[in-house]
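Read the structure below first, then the notes.
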Amino acid sequence: MHTLIQGVILGVLTGGVYALMASGQTLIFGVMKVVNLAQGAFVIASAYLAFTLFTQFGIDPLVAVLITTPLMFGIGVVGHWLFLRPLRREDATELSILITFALALLVEGILSITYHTTYRSINTSYANKAFDIGGFSVSAVRLYGFIVSCALLVLLYVILQKTRFGRAIRATVQNPQSATLLGVDSNRVKAYGFGLGIATAAASGSIYGLLFPFNSGSHYDLISRLLSVVVLGGLGSIGGAVLAGVIIGVVSSVAAVTWSPTWSEMTFFVVLLLVLLIRPQGMFGRVERGAL
Amino acid sequence: MKLSKEGASPFFTRIGLARGGVFIVALIVMPQLFPQHWIWNMMFFTVLYAAMSVSWNLIGGFAGYPSLGHAAFFGIGAYAMAAIFKSTHLLTNGWQPFFIMPLIGLGCAILALPIGLIAMRTRADVFAIVTITLLFVAQTLGYNLKSLTGGAQGAGLSRAPFRLDIFEQPFYFAAVSLLLLAMGIAYFITRTKLGMALTSIRADEDKARGVGVRTTAVKVMAFAVSVGITGMAGGIWAYYLGFIYPQFAFDPLITIAIVLMTFLGGRATVWGPVLGAAILMPAQQLLAYYVGGSQIYLIAYASIFLLIMLLLPRGILPTVLSKRRLASLAKQGNMSGISSTPAITGGSNS
Amino acid sequence: MNNNRLSKRWFKRAPLVAVVGAALVVLSACSASTPKATPTASTKALVIGISLSLTGDFADPGTAVKKGYELWADTVNAKGGVLGRQVVLKIVDDLSSPTQVVTNYQNLITRDKVDLVFGPFSSLLTVPASQVADRYKYAFIESAGGGPKVFAQKLGNLFFIQPGPIVKQGDVFADYILALPAAQRPKTAAYPSLDDPFAQPIAANIQARFEAAGIKTVYSGTYPAETPDLTPIMTKAIASKPDVIVSGTQSLDAYQQVKALIQLHYNPKWLYMSNGANSPVEFPSKVGAANTEGVFSSGDWFPSSTATGSADFIKAYIAKYGGDATGIDNSSVEAYAAGQVLELVAAKTGKVDNATIISTLHSGTWATLLGNLSWDAIGEPQGSYLLVQWQKGKLVPVYPAAIAQSAPEAPKPNWAG
Amino acid sequence: MSVLLSVDNLTKKFGELTAVDACSFTVEKGSITALIGPNGSGKTTVFNLITGYLPSDSGKVEFAGTSIQGQSPGTLYRKGLTRTFQQARVFADLTVQENLVVAGGGSWKNLFGRRITADDRARASELLDEFKLSHVADLYASELSWGQRKLLEFASVLMSKPRLVLLDEPTAGVNPILIETMATHIRSYNAAGVTFLIVEHDMSFVMRVCDPVIVLDRGKTIAAGDPLTVQSDPRVLDAYLGD
């Protein structure tokens, strides 16, 4: 029982980080109808960035978020302009998947040149600290990471709900055509929406780097998990992604503790498969029938 | 492309037959012209990847469902082959594994049916997600089903007992057979209603369904055939290498390579993927061998990919063909109907 | 369609070919450092072909292996070469891919007709590569692939340049524990291991010996490579408070295990980690120097080694690559030792052809940087590894007694946190 | 005349917006019925609900006397209920001739048969001649002009020998000559027994071609009858001129 609860605690804390990563992924889908396979690569790129900022300048990864996030937002906007905007409408869905896949490889290649392929980890002063809460050990990095993730998710919520830009994004998510009619500049919204999605990857990258060791190839692992999370949450639904992130975090952590770590990896995929069988649109996704 | 005004579209054209014949003869004669082992080795991998690329094209090109999980079936085929070697009493000579190959292909195709039915219930993007996830599921299973796969320790096949001087040839000809099978299917598709159905799915699936095209049946069928061939390629590969590990058998880079080959040569054509493989595979192998030594490899790969997608999204062959076609139409004085929008060539060229 | 009639004109027109071409040019321009093999026409040169992973998953250790080979070539050439023949290394990149490694050895042997080949990095690539070498009757001296499956092939041309097969790496820890008086021995043991040909078999081997000696197994399990989080696994491993933890680790996961143990506030009496903990620089930097105290590991070479030529090697290494002795990767040492073995054969027989190498190495003992090496018929080395322990911030050989520079410290002091 | 299509209390909500609000009307067999209404009045949504492209929230749709609730577009197509789209949807990667053959239905039982059989060709060429598309028969649909695409889509739905054709703005973005062609084709096929339901903005086209006319406003049917009566209906004027 003790192990089980320990597993749940771990799962919730880890799930919070997945939730943040996945919210960006699903946001990008919502705005652009693009499955961004490079999301994981951007997370890892940001983790490296945080690593450099920490080792070179001693900036704490959680503070580095303030630097990496705007930077990656810019990269996202430029990336959209360079690679996604030129696509012809007819092939956009198909090609954008492949293009983001290629982008992921490009990022991986650049990272493996810059940082080589050995695993890196960010060892802050509190890296090994743990709190004892009611007999359960909670590591400091996890707790801090979770808190920052939650804070950023709240920030994202505020941006989407309270700002003009956020409203434009939500209008685009709900109905791209009518959003255009309402005077929303769809190209700009798409570019900024993509940027915002990449920015959340940046933020979660810092936290990921703090929590887990990573190398340039880690994004393969990450992207398959992220995809499971966003499909479970419903493509395009941010609330769904957050909930799904936590659910999957808990399920896999509990599976690892109570059953076997080798099979806990599978929980992501089992969940994905079940979702597709029972409710293909995910928990909060909408049924779409044809591009009407 | 000759279209007669009357009668049915021909199944074989004279020029098509000639082309196919020349190609087959070339494939058979080539090893005799180049007796070096290293060339055979390269030709083997080129033909093997060409076969996979042609097969990917069936679902990814013709139907427009970009599968990112073909490497899963490649790996399944490889491990199926390894499993066959476990019951060595079934194998009395080195040729037998090749004859078991069709069973592996059939197995992969049957396995693909439920997966296709689930993955293609929704849209192409969800299909991409499911297939890429499938790849990681398969890899995880490769690691964890230890009794079946040997897990991280890998699985060994017995070494092929072929004579040193012709060692690569059985593998090469197995790959050639696979390529011809795949191209035959692709050709068949371009010549039948099946091809039109797949093309209509790629162009506008909802509309296709709306005009009564049996979209589900057609795309699941294409997917099954496609991964069946890929699985067989995995089997040949495993036998050639003699030893396989999950991370190599289920390698995302395999998928990327075959997708890139297809896009380079031209998707939804019979010859495009072959052309793509013939350019990329030797280039890749020789580059790694002569240039190698630098991490630039992955970046170059990704850059070429991006450039093709952005500048030549239709690939080499369709681009050239459509230029020719428009030129010949102009000669016939048929340009009146041509709008300024660029053409998207479909599956009707062969 | 007319791809059978691709004319030159066509190639000029197709913009894509230009793009690909340009990319290829860039590619080749970017790799000025390509090693060039002198043609075998100059009969004196001894060309050795090696395929290494300089790109991809194994790139970093692959580079370390390259350093070792190149250092050896420089050293031997400075001495006048092998039997008067200058050594030329033809090192090619296999991108950490089995397809490419097969292609590379095919090309090295049948196209460039190198005189000899050395093995690639990682036993994952060793098996397919060794089969190609075997097909052409080339000796296959390799310093990196020592997993059980390498020897299961029963190849007569293969020689693994390490003291023993990888599975035996932990034997020395089992020897030490089982030599303790019964009352002092651990009662319970946990075996968390990485699912990897280099890691898990080591722990499994120790587990078998411990169980035979009556030490109860309270946990045994593997986790996949790239598991981002080992805390759940370690939580489970320590649930019944084992006296000894035997970890089949590779590198990264060793650091993660230590981190998890510190965070979970669990300090076993003995902690043995097969790899990772034996890295003199990485380990303290990843887990904190104060947390290394008392951790056991094993390996084949350490900067303080007294084996043949060790001091000279260190000097040459620092002269060529800089840094200090603690920064030397064992992969470099093992690669260097592969060259030493070749030299020894040449010195003994006066020949360096493949048949001679194969027939000669199957008997006798060969003194290298890694100590005395000898092989059985399938290339399994017959020696044993050293047990090392972190004591006062240093990695010290502690067992067997003959080479021990200090006594083992047990029980392990508590984590510094 | 008998009723071919009857729509009863059909409702569809998108979130808080009620796009179709208890809409009811009937289409007489053999008629050319127009469905008009101001922008955003739900005309296209009604089309989507009838043809199975969207599921309705409540209400009934009957075609030829049987309920077609929840049936897929493909099924309805095979039953003779076909449609076109506001933005002509043709298969860009197929040739004009192939577009017709794909839409021909029936022959799909023979997926493995020739791409284009002699029979297909004969049937297609008839329509191509009639729609003056023969000279572009071998062009890809993506190479056609906008108006030609609309013609092609119209022609292709006729391949399946439909009983009811729903045309979504057949004249939008089409040049005046083509509009006349369109009108001629609609009349001639109507004479041959095909019923039409047409969403149209071009009032003069509606007045010339259609009878009766149904007016939709904010998802509700507000008027129905012959063109002249509807035109003078104050509610209709309100709907078009009001707010």
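As written, the chain order gives the labels A, B, C and D, with residue 1 at the start of each chain.
Everything below uses one rule, namely that a residue touches a chain if its C-beta (ideal position, glycine included) is under 8 Å from a C-beta of that chain, and two chains touch if they have at least 3 such contacts.
Note that the structure is predicted; figures quoted are calculated from it, not measured.
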| item | value |
| --- | --- |
| Furthest chain, CA centroid comparison against subunit A | D |
| Contact-richer chain pair (by C-beta pairs counted) among B-C and A-B | B-C |
| Averaged-CA centre spacing for the pair subunit D and subunit C, given as whole angstrom | 72 |
| Inter-centroid spacing, subunit C versus subunit B (mean Cα positions, whole Å) | 37 |
| Whole-Å gap separating subunit A and subunit D, where each centre is the average of the chain's CA atoms | 44 |
| Distance from subunit B to subunit A - Cα centre to Cα centre, in angstrom | 32 |
| Multi-chain contact sites of subunit A, meaning residues that touch two or more partners | 90, 112, 221, 262, 265, 289-290 |
| Multi-chain contact residues (two or more partners), subunit D | 53, 92, 142 |
| Residue list for subunit C, restricted to those that touch at least two other chains | 55, 57, 59, 195, 224 |
| Residues of subunit C touching subunit B in the complex | 1-4, 10, 13-17, 19-20, 23-24, 26-28, 30-31, 33-35, 54-55, 57, 59, 91-95, 97-100, 102-104, 106-107, 109-111, 124, 127-128, 131, 134-136, 147-149, 152-153, 195-197, 200-201, 224-225 |
| Contact set on subunit C toward subunit A in their complex | 55-60, 195, 221-224, 226-229, 231-233, 235-236, 239, 251-252, 255-256, 259, 262-265, 285-288, 291, 417 |
| Complex contacts: residues of subunit B adjacent to subunit C | 19, 22-23, 36-38, 41-42, 45, 140, 143-144, 150-154, 156, 159, 164, 167, 237, 240-245, 247-248, 251, 253, 264, 269-271, 274-275, 279, 283, 285, 287-298, 300, 303-304, 307-308, 311-312, 315-317, 319-321, 349-350 |
| Interface residues, subunit B side, partner subunit D - complex | 1, 3, 5-9, 11, 190-197, 199-200, 202-204, 206-215, 218, 268, 329, 334, 336-339, 341-348 |
| Contact set on subunit A toward subunit C in their complex | 3, 6-7, 10, 14, 112, 116-119, 121, 123, 127-130, 132, 137, 139, 211-213, 217-218, 221, 253, 256-257, 260-262, 264-265 |
